[in-house]
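In the two complexes below, subunit A is the common chain; its partner is subunit B in one and subunit C in the other.
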Partner chain A sequence: MNILTPFEYFAPATLDEALELLATKENAKVLAGGTDLMVQLKEKMIHPVNVIDITHVPELNEFKCEEGQGAVLGACTTDAFCEFSEELKAKFPAFAYAAGEIGGPQVREMGTIGGNLANSGPSAETPASLICYRAQLVLASKNGERTIPVEDFITGNRKNCLEAGEIIKTIILPEPAANTFVKYGYVGMRSSMEIDIANMCIRLDVEDGEIKDAMCVMGSVAIKPLISEAVPAALIGTKVGDEEAIKAAAEAAQSEVHPITDVRASAAYRVDVIGALCRRLLRELAAEIN
Partner chain B sequence: MKKQIVTLNINGEDMDLRIAPMDVLADVLRKEAGLTGTKKGCGQGDCGACTVIIDGKAVLSCLTLAIACQGKKITTIEGIADQKTGEMNPIQKAFLNHGAVQCGFCTPGMIMSSYNLLTRNPQPTRADIRRALSGNLCRCTGYLLIFEAVEACAAEGGVL
Partner chain C sequence: MGMNKMYEVSNKYHDYKDYTREYTEVGRSIPRLDGPAKVTGKLQYTDDLSLPRMVYAKILRSPHAHAIIKNIDFSKALELDGVLDVLKGSDFPIDYGIVAHSANEQVLARDKVRMWGEPVAAVCAMTEEIAEKALELIEVEYELLPVVVDGRESEKFANETGVLIHEDKPGNIAHQGTQQYGDVDAILAESDLVIEQEFYSSQYTHAYIEPQAALADYDVHRNKLHLYATCQVPHYTHQQLAKCLQMPMKDIRITVPLLGGGFGGKGVASCADFITSKFSSRVGRPVKCAYERSEVFATHQGRHACYMKFKMGFDKEGHITAVDFNNLMVGGAYMSWGVVVLFYTASMVHVPYITPAMKFAGKRVYTNTNTCGAHRGLGGSQPRFAMEILMDMAAEKLGMTPLQIRLLNAVESGHTCRSMMYIPHCEYKKTLQTAADNCDFENKYGKLPFGKGIGMSGGYYISGTSYTLYLSYKPHTVANVKIEGENNVVLFCGATDIGQGCDMVMAQMAAETLGIRSEDVKVVSRDTMLATFDLGTFASRVTYATGWAIRRACEAANQLLFPVAAAIMGCRGQEVGVKDYQFYSLYEKKRKNVDWNEVVDQYIQANGPIITAGQFTPPRRKGIQQGGNIGHSPTFGFTTQIAEVEVDLYTGLVKVVKITEAGDLGQPINPMSCEGQVHGSIQMGLGNALLEEMRYAEDGRLLNPSFHDYKLCGTIDMPEVEATIVESYDPSAPYGAKESGEGPIQPTPPAIFNAVYDAIGYRCTEQPLTQEKVLNYLKSIGKNL
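For the complex of A and B:
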C-alpha cells in the first residue's frame, strides 16, 4: 500500500524547535500543507530522509489585519483562509481572489501561502498579487531572520533564495494607499483544478483619474514572475480607462513575454492571452475607479 | 521504516492503527481502519474521490500523511450516517433519491464535499454548490443530478 519512499516525520510545536530540526536533520523537506510536496514525493521527484511538518507551529499560523496596519500572515496561513477572510477581501482583494483560485476547495484548505511561495512554481497564483501589493517575506533560520521583497524571493523555475535550514516565517503586506487599485486575472483550460496558461496582476496608483504609478506582474510566461517595465511606461500619465493607453499597454506586455509551448498552451497562444488579460484587467480597473 | 501504533480519532472513535511515517491517510483508512468507503482515484490531489473532513475542513486524504492527523477529528463517508441506527444522512438519501450516483466511485467524495458545504452554508446557491464541488470530478458526467440532490437536501432541512 505504500508508494512513498520512507522518511522520518517530525512535527515541531514551536518555531525554535522547527529551526533546530531544519539546521540539524540532513536531507530534510518542509511540509507546509503538502499539496505540492506530497505529489513530488509520490512522483519520486524528491527523496528526503526527513520531513518536517511546520503546520503546527503557532508563530507560522498567526494572522493580523488591523486598520491602517496592512496585514501579517504566518507562512502556514491556508489559501482558503485568505479566500474567505473578510479583512483580506476588503484590503487586498486581488490577493484574496488569487488565493481562492488555487486548485480546488480541498487543495485550498490544505495548501498554504508560504508553501505556494516556497514551491516557486512558474504558474503559481499568489506571487503576482503579492508583488503588486509590495509584500515582504520574513525568512527565518537558526542564525536569525532577514526580510526581502517577494519579487526578489523567487529566482527561477522552482528556485528561490531560501538557504539551507531557512524557511518563510511571515508574509508582510503593507497597508495599501487609498488611491491604489489592484486586479488579478488568469486564463486556464477549465475554471477549476487547472494550472494557469498565463496569469497577471496590475496595480494602478491614481490621482484625479490619472495614472501616477503602475505595476504589472505576469505569471506562467517565464521561469519566474515577470515584472513589466513597458506596461507602466505605457500607462503612467494617461487617464484611467483611456482605450489608446489600454491597447498600448497590452502590446507592451506582449512585447516583453517570450513564453514556452507546453502541454497547456502554445507560446503564441500565451502571448495572445497576455494581451487579452492586460486589456481585461485595465478595463475592470477603470470600471472600478471611474 | 518501522510502523508504530498511532491513535487516530475517526468518526468519533479512537482507533489504534499501525502507521509508518510515509503512509497516506487514504491508505490507512482503507487498509488499516477497514473503512473502504473513502475511494482513491488519482492519488495526486486532482479528483477529490478521497475527500474526508478533518477538523471541519474537507481535505484530500491521498495528500495527507496519516501520522499528521494525530489529535484531529477525522470524518469519513461512514461517519455521517447515524452511528446508532445506521440510518443514512439526509445528503446520502438525497443522492439516492435524485439518481445522483452513476458508477459511484466519485460519490463518497462528492457527498463529503456536499456535507461540508451544507454544514457551513445551509442555503447555498447553485453557484455556491458548483464552487464547493469544483474539486470533485465525476467521469460519468452526472453533475446536474448531483447539484439537484444538494439543493433538495438543503430545501428539505439540511444535513444535521
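For the complex of A and C:
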C-alpha cells in the first residue's frame, strides 16, 4: 500500500506559523501524530494537497498540572505521556487509564490527545472521560481563539466543529472536586490494538454516601459519544452502591443506545455490554468510595 | 541401523539409557545464530532485495466473488508513463496447484473469477507507485454470477441454480471419499454409551508476519530464470514454474531468502512467483512484486472450516468402541491441498486413542470464498477439536475424569491403527500424566468456583509423510557434507527454514555426528541450485528426514576420517569415536585422542576435500487401502495441554490464565527452539479458539482482510505457559527426535473449550468461542453479573 497522493509537507516551528499555513494552504490535513492520518492516506480515503505537521510547535506540547489548578495539555501531548504521567494518574485517573488503552504501545508513543479528539471516531477512547471531567478545548485559528466544552466538540462520525484553518490548541481539565469520582471501562475482544465494542465513563459527585450528581458517557454505540440522560436520573438521590439503583441505571443506559451490528460485534451484544459496563463501573466506584 | 529394522527395534527399548549415547551437540539450547542480525534488521527478506534495473509488478484483484470476465481493457493503463507491460489470464494457459493431479488454480483468472480478491491482471512498471496507479486504469467488464458462501448450502445451490463454481464438478463437490474399518454401525448399536454431537471448526489464516514477495531475474540471453521467492517448498514451486512457464526445470533456479513465517501458507506457489517471472522474461529486467496484507488475506489458503458430525461409542469401562465421522469441509474456490486435507481429517481420528473401528464420509465442497489449504497441523486440528470435547463428554457420562479416560484409551509405542497407520514410538501417557501433575489437574477439575475452569486436551502430529504429492520414488531428501581446508565443514541441504530454525537444527545434527561444534557448521539451504534436493517444509518432516540424510552423509565422512585417526592412534579404523573435535580410540589406552583438525588435514593433504552424501525416504507399508496412506508418517509427536481460564461474568470474555503443556517430541535437538514452537502454537491456538474467523458478506466479500478487523491474540493476551519436554527417545529417528511444531497447536482450542465448560457449564462446540456466545449462555442461566 503506497501513498499515491503527492502532497507538500510543512513542519511549522511556531503556533503563528502553523496557523498562517492552515489559513493559506488549500486542501490541507493536519498531522498530529499520524496514527489515523497515515492509515487514511495509505487506504486512499483522503487526498490532501498539503500536510501540516503541528507536532513541533512548542505551544502544542505544553503540559501543566499544578496543585488545585487542574491540568492544561497541549493538543500534541502524546497518549503515552498521559498514560504514564504521575500527576494525571493521581488527579484524572480515568483519563490517564483511557489514554493508556488507545491502540498499542507504538501507537500511543505517536498518537496525541488532540489527534484522538480531532479524528472524532465513534469508538475513540478519550472523549468519554474528558467529558466526565468537564474538559474544555481551546480552538485556535488565524482569526483568534475560542473555548468550547469537549461534549460540544464532536458532532458526528468523524465530524466535529473545527472550522477551516482551525486546530485544537489546548485541552483544559478543571480541578476535580474532592467528592468527584470518575471511572472508565471498555469492552474489546483483546487487550491491545483494539477497537472498542463499547466504552463508558461514569462520574459520581457524592455527599455523605449519596449521589448528588452523575454523568455517564458511552462510546462506540452511536455516531458520537452519547451523554446519557436516563442514567443520572436513575442515580441522583440514591445511595452509592445501592443494587437496585445500579440495575436501574444499567437498564436506563441500555434504553438509550441504538448500536449497529458490524464485524466486531452484534447490536444485541453491544446493548448487553452497555448494561454490564454500567453495573461494573458503578460497583467498582462504590467499592472505591465506601 | 538398517531402514527395515528401525521400526521393529523401537518397542524393545523401554529403558532409554540402553541405547542413547551422551550427546554433545544434540540437546543444546543454542539461540539462533542469525537472531541478532534478524532483530537488528541486517538480514534481508525477499522484499528487502534490490537488483540493478529492477522494476515492479502489481496485481489487479477481483472485487467480485463470482463473475464472468467479459473483457479487460488495458489501453488507459498502458498510456500511463512508466508502465512497461501487462498480463492477463490467457498469458498463462496452464493451471497450477500443489497436488499435481487435482491442480486447477489459475495464475490470472482466464474466463471467470471464483472468489473475491482473485488475481485478474497484472501490471509491470518503473515504480511500485506507477504500477499501483495503473491498476486503477485497467477496465474490467464483469458479468456477475450468483454467489455461494455457506459450505452447507453449496451442493443445494448448485443443484437448484445450475450454477457451478467449476464446470467439471457437479454439485460443487471438489472431492469426496469414504473409509470404513469394521462394522461401525453394529458396534455402535451394541456400545454402552454413544455420544452424538455436531461440531464446527472455523476458517482462519496463518498470519505469517512476512507477506509473500517474489523477485524474478530472467537472463534473456541465456533463457534462464532466477527467482527469489517467499516459499516453504521450493521444489514444488520449481516444478510448477516449469510447468506454467513451459520451461525446463534446469533453466530455473529458486533462491529462498529468509522467511518470516509460513505455517503452510507458503506451501503453495504465489501469483507473484509466476507474474514476476513472466514479466522479467518479457521486459528483460528484474521484476519484484510484494503483497500487501490485504492480498495475503485474499490468497492465504488457511485452515479449512469443517462441519463435523461425530458418533463415538464407548463400553462401560470407558474404552472407545467405534467412531463414525462425517465431515463437510468448506474448500473455497480452488483445490489447493484439498484432497490431502480431506483424507488427513480421516486419518487423524485413529490416534492418540485406540480406535477399534472407524467409519468416515467426507466431502470437500467449493464455495465462492478463499481457497483453503495447508495450515499448521493440517487436517488434524479439526477432528482433534471435536474428539477432545467428545472425550470429556464421555468421561462425564461414565463418571471418569478427563485424565482417566484419556489414560485408559491412549495409544502406546508399537500401535497399529485399523487404517494400518503405525505408531513406532509414543509417550502420550507420559505427557498426560506430566501435564496433569504439573498443574494439579485432578484436584482442580470440577472443583473451582463458578467462572473459573480447567480443561485438558491431547494432541499429536506426524513427523513427515511417507507418500509424496506426486508419483516419484526418488529420495525425499538429500544432504551433502563437504570438509575442506578453506571452509572447514559445509552442509548442503535444501530444507527450508521458515522461521522454525531448521538451519540451526541441521547444523547441530551434523556437528553431533562429526564430533565438532554446531557453530562451526556452515549450512547452505533454500536454493534449488546450490543446495541439495529436499521436498520442503511441511508435515513436520524436516528434522526427521534431513536428520537421517545428514547423519548418513556425516557417517560417510567419518568412514573416511576414522582410518586416518586410527593410524595415528595405532588402533583399528572401526574402533574410533569422535566428539569435541577429538577422535578417540574406543579401546586403546596408550594414545587415546587425536585432534580433529590434524586428522582432517592429513586426509585432505593426501586425498583432497571430502564430499559425502546421505539421503532419506520414509518407509512404506503394505496393505493400505481406501486412501488410508495419507497420514502415514515415519513417527509421531504427542502433546497434552491443560488450560486454566477465568470467565468475565459481566461480558463473557474468556481469559486464559495459564496453559500447562507436556510434550513427547523424542530427543529435542534444540530444546529452546522446541519450547518456542510450543509457545507459538499456543499463541496461534488461542486466537483460533477465541477470536479468529474469516468473515464473508453474502456477496462473498471478505469482511476482515486486515489485522485491524481480523483479530489475533497479541503477546499481551498470552497466558503463562509452562512447557515441559518429557523424557523420550525415538529409536527410529536419526537423533531420537520427533515432531514438535504442529502437534502443540491441536490441543489449545479444545483445552480452552473444555475449561470453559468446567468454569460455567457451557458446552460450546462451535469455533470461535466468542465473548458474545459466552455471555448469551450466562444470560440463559441467569448467571451474568
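The rule is short, and it goes like this: the second predicted complex is superposed on the first by the 286 of 290 C-alpha atoms of A that agree within 3 Å, B and C clash if a C-alpha of one lies under 4 Å from a C-alpha of the other, contacts with A are read in each partner's own complex, and residues count from 1 in each chain.
The criterion applied here is as follows: a contact is a pair of C-beta atoms (placed from the backbone, for glycine too) under 8 Å apart; a residue touches a chain by one contact, two chains touch by 3 or more.
No experiment lies behind these values; they were computed from the predicted model shown.
Of the two partner chains placed by superposition, subunit B and subunit C are both touched by A:Leu4. More residues of subunit A lie in touch with B than with the remaining chain of the pair subunit B and subunit C.
When both complexes are overlaid on chain A, the residue A:Val107 reaches subunit B alone and has no touch with subunit C. Looking at the shared chain after the overlay, A:Ala265 reaches subunit C, while subunit B stays out of its contact range. When both complexes are overlaid on chain A, the residue A:Phe63 reaches neither subunit B nor subunit C.
Looking at the shared chain after the overlay, A:Ser191 reaches both subunit B and subunit C. Shared contact residues of subunit A, touching subunit B in one structure and subunit C in the other: 1-2, 4, 104, 191-193.
For subunit B in complex with subunit A, the touching residues are 1, 20-24, 27, 30-31, 43-46, 48, 51, 57-60, 62-65, 67-68, 113, 131-132, 134-137.
Subunit C makes touch with subunit A in their complex at residues 128-129, 132-133, 292, 294, 650-651, 653, 691, 695, 703-704, 707-709, 711-714, 716-717, 770-772, 775, 779, 784-785.
Residues 1-2, 4, 104, 187, 189-195, 263-266, 269, 272-273, 276-277, 279-280 of subunit A are the ones that touch subunit C when the two sit in their complex. The residues of subunit A lying in touch with subunit B in their complex are 1-9, 11, 31, 34-35, 38-39, 41-42, 51, 53, 55, 80, 103-107, 109-110, 191-193.
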